[in-house]
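Shown below is the structure under consideration.
For clarity, chains are labelled A, B and C in written order, and residue numbers in each chain start from 1.
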Amino acid sequence: MLKLSAEAKVGIFVFIGLILLVYMSLRVGGIKFGREEGYTLTVRLDNASGLDTNASVRVAGVEVGRVRKILLEDNKAKLVLRIRPEVKIGKDFTAVLRTSGMLGERYLELIPGSPNAPSLEEGGDITRVATYADMEKLINLLADVASDVKNVTASFSSVLGGNEGEATLKNIVKNLEEVTENVNAIIKENDKRFSTVMVNFEDFSASIKDASRNLNSLIVENKDNLKGGVENLKNASLKLEEAMDTLNKIAPKVEDTISSVDSIAKKIDRGEGTLGKLINDPTTHEILNKTLSGINNYIDRTERFRTFVSYRGEFLFDEQDTKNYLSLKVQPKADKYYLFEVVDDPRGRRKTETVTIGGATTSVTKTSQEFKLSLELAKRFEDLAIRGGVIESSGGFGIDYYMLKDRVKIAFEAFDFDFNKKRNPHLKIGTLVRLNKYFFVTAGYDDFISKDGFESAYLGVGFEFEDEDLKYLFTSAPSIKP
Amino acid sequence: MRELFERLGRMAVTAVTVTGNMFLILAQAVYFIFIPPYKLRNIVKQMEFVGVKSLFVVILTGSFTGMVLAMQSFNALKRFGAESLVGPTVALSMARELGPVLTALMVTGRAGSAMATELGTMRVTEQIDALYTMAINPVKYLITPRIVAGLSMLPILTVITDFVGVIGGYFVGVTLLNINPGVYIGRTVDFVNVDDIMYGVTKSFFFGLIITLVASYQGFYTTGGAEGVGRAATNAVVVGCVLILVSDYILTSIMF
Amino acid sequence: MIEIIDLKKSFNVKVVLDGVDLAIEDGKTTVIIGRSGVGKSVLIKHIVGLLKPDSGKILVDGKDITKMGEREFTEVLKRFGMLFQGAALFDSMTVAGNVGFPLKEHTDLADKDIRGIVTEKLRRVGLVGVEDMMPADLSGGMKKRVGLARAIVMDPEIVLFDEPTTGLDPIMSDSIANLMSETQKALKTTYIAITHDIALTYKIADMVAMIYEGKIIEHGAVEEMKKNANPVLRQFLAGSAQGPIKVY
């Protein structure tokens, strides 16, 4: 068997452990690596009970995103949703809180509206909300119904149950019997009278027959008079015909009027004429929309825009001196920030210079006492941040890993690369632990592969605060561009 | 009566002294983590001892715990018709609680006692004194690598325990109890968060520190020859296990 | 030059050292004798800083080591070598690892060079070809020799011996005694040994100091001590149960 060194075994072991950790994190966290993709929507519900952050958002039962935040706003639950980028949510979608299964979790179902409705953009709001007879309500309702039914049956049983009830029932049956007997008696008694009524009725119908015969003879006698009447009617109808003719002559004119109204409407519709243009021009709509969303964006951006000012002093054990950092962090978005830093390093700034002494050219590393400046751009992917730019007055990059809800940061940075290989790059690894909102401590190892004896462990303290005033300085020139 | 009070007083003084000494050792050991030169070989050797060599016992414990959990929770959940929740139950228990604690207890039993024995033997045979007279700080040379090994290896062992526990639960749940495999995994993924795993891993950092610190302390301050070495080993396990369980409670109440 | 001035040390209520005064000359072998349990080991542990005195001073070249900070004292320690009673070899390392350990820790020598020095020192203590053996495979006498090799590997100015012959048979004891005097004469090192082995004392000592009831009662060259009339010293050197030293 292959004989492995202790180092190799530990290496393999650590590797397996990390792979398992990453694998499990990916599985349970959904497939997402790095910064979360997609866009954000909000929705306001009257009641979000039972809904947790990270609950799924589904369309037709398919998960399309997650609930990222649940806030209370104007006594309503405001949900911030993160929707996958390829999924389009229309403006007329309806949000419904649902429960999967009897014991299952709560999730938010989005029910599609018409297929032609425009889609919501980043930061959009789902305005349609429906309350469904969810499990809870259904159970409550069932309980009510059950109690009603119970009440009814209870009163029945109190009426019918027991000896008293039985007696009452017997009475009722007895009474019924009596009633039918009486009805029978009445019918028998009146049998004769019914017969006479029937005979009278027959007489009456015979008289009507006579009356109709008389009417007939009456009509025959007045035949001529009737003829004259009909003639008059004919005349009247002729006149009516003339009137109709005139009407017919007017009708095309009316038609013209109607069609010109129609054409005006059509013209407006087609965007002809000033009014039509105003109404029909798609840009009008767009401009309006943009203006609104621009205002929204500006407000949003100001809200999201954060600036932090911090100072930290790190005591270098080997140097027996303190390295000071004064920094300004400008964070226009949660996942992105610019860092501007002034660094006072007791070891000074290093430069490799080529010096020619007596014909021989040598490289000399010089240090000079001056402040060093850093200007970095950082981008954050979940718990990992990558930054780069100018670090301590030289090109470099850094990687930060955040843990325990950002309370602990492990940072690695490399800078001051010397491509002549006269000196090693400046590497620094350390950790930062936040004690509270303002104060933190740092520890680590600075410049640990230095060839010039600059390596040193350090221990530091510092503070950071968020500056509200600076933020407006940076956002005071808004543009309408979305 | 007086004797009782005297004994209680002595016990209190001992307890305070032991705690104080332990923190002093911890402070020194942690201080030396940042002070070069680094004896990487020593650290790697301890990592191998604490981590790699505990792998077998940890895998065994983890997988059987997962299997038992699946079986037990199946019996209970069946009554509610919620067999699908076996997966989450196993995974959550493993990740949040059983993974870190069982790993820590097993490592205490295996590595903690061995560590105390080794250091105790070094103490009674004057090897620690010899280090000192050779101008080598014994805390830096002996204890710092052990604590670093504990801090770095316990989280990894815990992750492995979590994983084999879930695999064990899956095996029992799906092949023996006939839970639909898709449902088993789906529910597990639904209910378990990355945070759950990270909480367990965070706990295991502390456990790694406790195990190695207690064992190092007991071994380092061994007195009384071979018998003392035996006592140190026993104490390392007993005190280690008790501290793990107590601190588990404290950490749980802080974190959740 | 090591000077011990009015050194006092008690463990709980038991007074072990009650004002020890002793000056140890450079380049000679000083043997401190006394009965078991009178504080010889305690005294030697004070010299290397394993124990801190209750009061008193220990001067090494005029500087008080009991007042030194850790860094300064570490430098002093590098001038010392010590052979422990049970040799105190590290079980986890080979013989070569043990002997070369101080070199590996304190110097930048390459492994190959260290190996060369180790072989040379081992040869000096009379061991050849044991480099790759583990301490557990060695006999008591061999362990002592390896321990001696380790103690002198850094070419120290002062070597301390804690009971160098305890647990060895008389022949092995004699062989160790020869080795000690040979190496001492070759390197002109200051040797300080504590023992109750009279034969060893006569064999290696230039100077002898007797510790009794927490104090140094006699101190002088070995020839003078042989003629000394102090009844306590006489009884001890004679190895007799009769005399002023009480046997419990």
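Definition applied: a residue touches a chain if its C-beta (ideal position, glycine included) is under 8 Å from a C-beta of that chain, and two chains touch if they have at least 3 such contacts.
Bear in mind the structure is a predicted one, so any value in this text is a computation, not a measurement.
**Q** Can you identify which chains form the pair with the largest number of contacting C-beta pairs?
**A** Chain pair with the maximum contact count: A-B.
**Q** Can you tell me which chain is nearest the middle of the complex, judged by mean CA position?
**A** B
**Q** Counting in whole Å, what is the centre-to-centre distance of subunit B and subunit C, each centre being its mean C-alpha position?
**A** 42
**Q** If you average the Cα atoms of subunit A and of subunit B to get two centres, how far apart are those centres in Å?
**A** Result: the chain centres lie 44 Å from each other.
**Q** Taking each chain's centre as the mean position of its Cα atoms, how many Å separate subunit A from subunit C?
**A** Taking the mean C-alpha position of each chain, the two centres sit 81 Å apart.
**Q** Quick check on subunit C: which residues sit in contact with 2+ other chains?
**A** There are none in subunit C.
**Q** Using the touch rule from the top of the page, what residues of subunit A touch 2 or more other chains?
**A** Where subunit A is concerned, no single residue meets two or more other chains.
**Q** Help me check something: in the complex, which residues belonging to subunit B touch subunit C?
**A** 121-122, 125-127, 129-130, 132-137
**Q** Which residues of subunit B touch subunit A once you look at their complex with the stated criterion?
**A** 34-36, 44-45, 47-48, 51-52, 55, 80-82, 85, 91, 152-153, 155-157, 159-160, 162-163, 166, 188-194, 196-198, 201-202
**Q** Touching subunit B in the complex: which residues of subunit C?
**A** 45, 48-50, 70, 74-75, 77-78, 80-82, 84-86, 88-91, 101-102, 105-106, 160
**Q** Quick check on the complex: what are the subunit A residues that touch subunit B?
**A** Against subunit B, subunit A makes touches at 6-7, 9-10, 13-14, 16-18, 20-21, 23-25, 27-30, 54, 102-103, 105, 317, 403-404, 443-445, 455, 457, 459.
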